Amino acid sequence: MTGAAQTLRKLVTVITEAQLERDLIKEIEGCGALGYTISDARGRGDKGVRASHWGHSSNIRVEIACDTPLAEKILSRLQEKYYAHYAIVMWVQDVEVLRPDKFR
Amino acid sequence: MTGAAQTLRKLVTVITEAQLERDLIKEIEGCGALGYTISDARGRGDKGVRASHWGHSSNIRVEIACDTPLAEKILSRLQEKYYAHYAIVMWVQDVEVLRPDKFR
Amino acid sequence: MTGAAQTLRKLVTVITEAQLERDLIKEIEGCGALGYTISDARGRGDKGVRASHWGHSSNIRVEIACDTPLAEKILSRLQEKYYAHYAIVMWVQDVEVLRPDKFR
């Protein structure tokens, strides 16, 4: 892409239980993230059907576009805090962002 | 990324008609997927305005993070089964996942 | 991936204010996009808590899978039209699409 002011960033996606929303946001903001996007979701994870009541949005999908050190910090903190006891999956992708000053 | 236990996987995204949800999930699980995430969506596809009633979530957005052979199996099966008769689009991306044992 | 008829495309993701939906769609279609997917979202952007009323979907998440020239056209037009006055963030990723004739 040759568009204006594009820079490579990381996009962190977290799928987890809806009940964790407020707590998760505190963690993400505590890491220094300037923005995040949350959507309701449903599905099935490795813990089986626990989160798959049809038509019920018991999961959330959280996205954070940020630089690599912040992405690593977020991943480490969420892994430490939630992996043992909650249904959570996370993945990371490379993205080109416009207006990268928006993303630390 | 140098975070703990990251491994390259494929993220398959499927956008299709909401009425296909149960059937699609059966297909995806039949392929061997251990998890998937579904969100409600709306939009317009190549079949025109069919799915674009404003404010109405007539589409679903399904994500499956998995290894390459499983991604190919899912893509082939869904293509075979739905492409001729339904509004469906699919794309695949590389993602780094944490805890890759969660994703076959 | 070696699946049938896969081709590299760009996936443009736009996160912005829900009130812009109709106008944004006109712009995207005006650029020549054949399809797009919209989900409701909530979150926080660089303009602070403005869009983060808990449980309220005041944002939208719009995805367009398209070729590189169209992606650049969309990014430029949306940047020109909305960046000065609205909460909007955009990022671009490489994706492999099936049935690439669906995506200009």
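Order of writing sets the chain letters: A, B and C. Residues in each chain are counted from 1.
Just so we're on the same page, a residue touches a chain if its C-beta (ideal position, glycine included) is under 8 Å from a C-beta of that chain, and two chains touch if they have at least 3 such contacts.
On a predicted model such as this, the values are computed, not experimentally measured, just so you know.
A.B. asks: Answer with same or different: of all residue numbers used at the interface between chain A and chain B, are over half used by both copies?
C.D. replies: different
A.B. asks: What rotation angle, rounded to the nearest 5 degrees, superposes the C-alpha atoms of chain B onto those of its identical copy chain C?
C.D. replies: 120
A.B. asks: On a C-alpha centroid basis, what's the spacing between chain A and chain B, in Å?
C.D. replies: Centre separation, chain A to chain B: 18 Å.
A.B. asks: Where does chain B touch two or more other chains at once, residue-wise?
C.D. replies: Chain B, residues with two or more chain partners: 39-40, 93.
A.B. asks: Would you mind writing out the residues of chain A in touch with chain C in their complex?
C.D. replies: 1-4, 6, 9, 11, 21-22, 25, 29, 34-40, 65, 93-99, 102-103
A.B. asks: Mind listing the chain A positions that touch chain B in their complex?
C.D. replies: Listed in rising order, the residues of chain A that touch chain B are 10, 13, 15, 39-46, 54, 59, 61, 68, 71-72, 75-76, 79, 83, 89-93.
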